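Going by the order they are written in, the chains are A, B and C; count residues from 1 in each one.
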């Protein structure tokens, strides 16, 4: 009996020791606690074709940084599906990276948490000054009038990608510059049996990006000047309706796109099923899907009048990635050095080329790689006719509520239900009532 | 870790407390005999405390705070709101409460249907496969495949099949069988409920099958032999012996299936993303949206606590009812 | 374990055939879709569905290893799920034995409390648990978050309540006279548990172990915030095939099949214990 008891005790102790040792056995993340000043943890966002591709792009640069400064950077590429949750848990617990990438539309919301190092004049001086960055990119780094919560790293803009072959077959000589032209071209394209325009109807963020720009074109804003939600003003309702009508009334967006949320519209375009696509910096993506650069053209997104510009001629949001420093970092100097390194001309050129984005740093934009016809369109858009999404603390809620409303409207349109001014207004009303009241 | 210590204490005490053995003075033996069950429970209790109970208490505290992005960095500074978060959640005339109520009703309907189907299919399959026949082992392994696949893989495959333009479901229903006038949408609109239910049952029934199958092994063979001697046929044996013998297994099985399905997050999240269609707006994703996506952890927690209370009531009633039923049946 | 020596009636055999055939179809169609899609080039996969693929390629099976570090995720998942299963089953056996064979104050409270943990929506305690782990880490230096250990601890408690409840049921069905006889023979309570009760309840224990393993194997929400790149598990890691550019459907399917093969094989090995009448001897 003794041996059995011994065995039992052994088994229990072993299992618990196993659990205990496994507790200590895993590798540490975060690493803000107890860091030596010679290391940094960096959370990068997924910008390339896969996380492994990102690591291959970034690691040599981090090695270069280590050689220059002696600071070792531990890289983790966080998938988009996890990034915001990881940032939120890091914020609540104080246990996070030293430096991290954030989607630039999150800047104001994250700024409100106070978890990110504010970029005041003194900090900007350490990385070469605020005027290194172009204005449009700086517009999406936090609430106006406050110190930015992050600095721009990669910039992107929407453009109209069109399939040259389909356009030629339909006898269309130039890409549409207004929405009316787009709808008219669409009828000719449909006669050739092709789909007109791709969209991601179930992707909440994509919906927001588009209705925001349509709102601008209707001279309307989703927020009042003092930051209160105002989703039901006539301009906004008309804007949302115009976007959804591209499917409901004009039939330019095929009904099937209402359920797209995983970039299916890009592969439809790459495969030549759809004639046009509104997308941000799609070149690398299209190439990876087997569509060569001579098969498609790039033009500015249509506007109501035909010439993109400021005010109601805005044709894109300022898309991109910002680089932020976590306030809890034990190595603020190293973190700032790293930001300086990443926003330096050389790295800006290398990284933005790798990701086919546009450098938000003016001096890096001069590189010929950013002056190809395709990039010229994007650069021009960013410089002249792109506006940042509302920089309010409730931006995240806005994306969710209004983006969902648009998704539901697309679902209605796809099911053949009528989309009217009233139904649009009702959905937006509901969205607005779900916003925080303060 | 503290548990290691308790385990050692556990083992030591146990080794001394064997009744009937003349080891050690009688009195300590008695004390240790009383203590033994507690020692055996201690590891489980400590772990549940650490991972479930303490965090839950923190969660309940959160529900009384205004925990938006302005305060999450330092919870201490978040102002108390009293019942404010609850008031918002149950104000069914306002959109937030209305949406929560809608989501709640959808979830209840979905859960009942899913559990009923999972249990029915699982039990039927287990009973049919009680006797040996050729290919039984193969089928048994096959039936556990949906359960063995990682959730993300299983659900994304269904997303793939439910696509409007390219999916298998529309290919079969529309192109091949011509049952529908035009291809239907499964991932948006009203059909999304059906899609969700299908995926949930596909993934969930093998678990019921597994548990019932194990439960069937404990039915003494003599019962069947006696019944056969009495002239009871196969169907009667199933009705009179198999199903009643499964009662205690079923009591727990149905309850946990209900609780898990009610709280299931992975399936709807992978299927629909962070904005579920209204017809399939399950409470778990709804709460996730209320807390993580819109960064309002106070309201999210209040909603969670309300659901917890609901589930507590349901479980209490269920256990009382089934236990009484059991006692009546035993008597 | 055959139910009775009598031959089953015709109606039973026919209904069984129909039911099992339909069920097999329901189970197999998605599996077939996975298998066939995993052998198609991406362009074909994202095109119109066809029952018979036009061109086959094993390319996805090569690419899966380089798109995401699949092997590492797989090893992580195995370690986490394996350790969680072993700990959970052992702890559950002791707890269930206490409840099944002993009368003590607070028994009802314990069982109900344990069951009630199944009611907590994961969302409610995700953030508090994370905070707790971080604070424990800061206070004691044990890294619970971001490590496999933290996940093991979390998952083992996820499966513990149901395991305990099920095992109570299974242990209850083992006649008490057996272990009382063992006690009289001079076995300690643990001896009785290990020599008599556990062997008699093997099918139940195996079922519970399978459940504990699968719980840890498939969990997404907690793994997504509690792991880093080095400790990420499969359940989360598979999402890496859906990137900013595109969803690599064929690779997702290929990877899912590859990682599921060992699990299904493991189950095949175990199912002998799940169903052979090991109990029969004890019950007689």
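In this section, a contact is a pair of C-beta atoms (placed from the backbone, for glycine too) under 8 Å apart; a residue touches a chain by one contact, two chains touch by 3 or more.
Remember, it's a predicted structure, so these values are computed and weren't measured experimentally.
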item: Farthest chain relative to chain C (centres taken as mean CA coordinates); value: A
item: Chain pair with the greatest number of C-beta contact pairs; value: B-C
item: Centre-to-centre distance between chain B and chain A (centres being mean Cα positions), rounded to whole Å; value: 36
item: Cα-centroid distance, chain B relative to chain C, in whole angstrom; value: 13
item: Residues of chain C engaged with two or more neighbouring chains; value: 46-47, 91, 94, 127, 131, 142, 153, 156, 186-188, 190-191, 236, 239, 242, 247
item: Junction residues of chain A - those touching two or more other chains; value: 1, 5, 8, 12, 16, 19-20, 23, 85, 88, 92, 94
item: For chain B, residues that touch 2 or more chains besides their own; value: 1, 10, 14-15, 18, 43, 165, 292
item: Contacting residues of chain C [partner chain A, same complex]; value: 42-43, 46-47, 66-69, 79, 83, 86-87, 90-91, 94, 127, 130-131, 134, 137-138, 142-150, 152-153, 156, 186-188, 190-191, 193-195, 224-225, 227-231, 236, 239-247
item: Chain C-touching residues of chain A, taken from the complex the two chains share; value: 1, 4-5, 7-8, 11-12, 15-16, 18-30, 33, 46-52, 76-77, 79-82, 85-86, 88-89, 92-95, 262-264, 266-267, 271, 284-285, 288-290
item: In the complex with chain B, residue positions of chain A that touch it; value: 1, 5-6, 8-9, 12-13, 16-17, 19-20, 23, 84-85, 88, 91-92, 94, 109-110, 112-115, 201-204, 255-256, 258-259, 261, 393, 396-397, 400-401, 403-404, 407-408, 410-411, 414-415, 430, 433-434, 436
item: For the chain B and chain A complex, residues of the former touching the latter; value: 1, 3-4, 7-8, 10-12, 14-15, 18, 43, 68-70, 72-73, 75, 94-96, 99, 163-165, 183, 185, 187-189, 272-275, 277-278, 289, 292-296
item: In the complex, chain C residues that touch chain B; value: 1-6, 8-9, 11-12, 15-16, 19-20, 23-24, 26-31, 33-34, 37, 46-50, 91-92, 94-95, 97-99, 102, 104, 107, 110, 112-125, 127-129, 131-132, 142, 153-154, 156-158, 160-162, 164-166, 169-170, 172-173, 183-184, 186-191, 203-204, 206-207, 210-211, 214, 217-221, 234-236, 238-239, 242, 247, 249, 252-253, 255-256, 259-260, 263-264, 267-268, 271, 274-275, 277, 279-280, 283
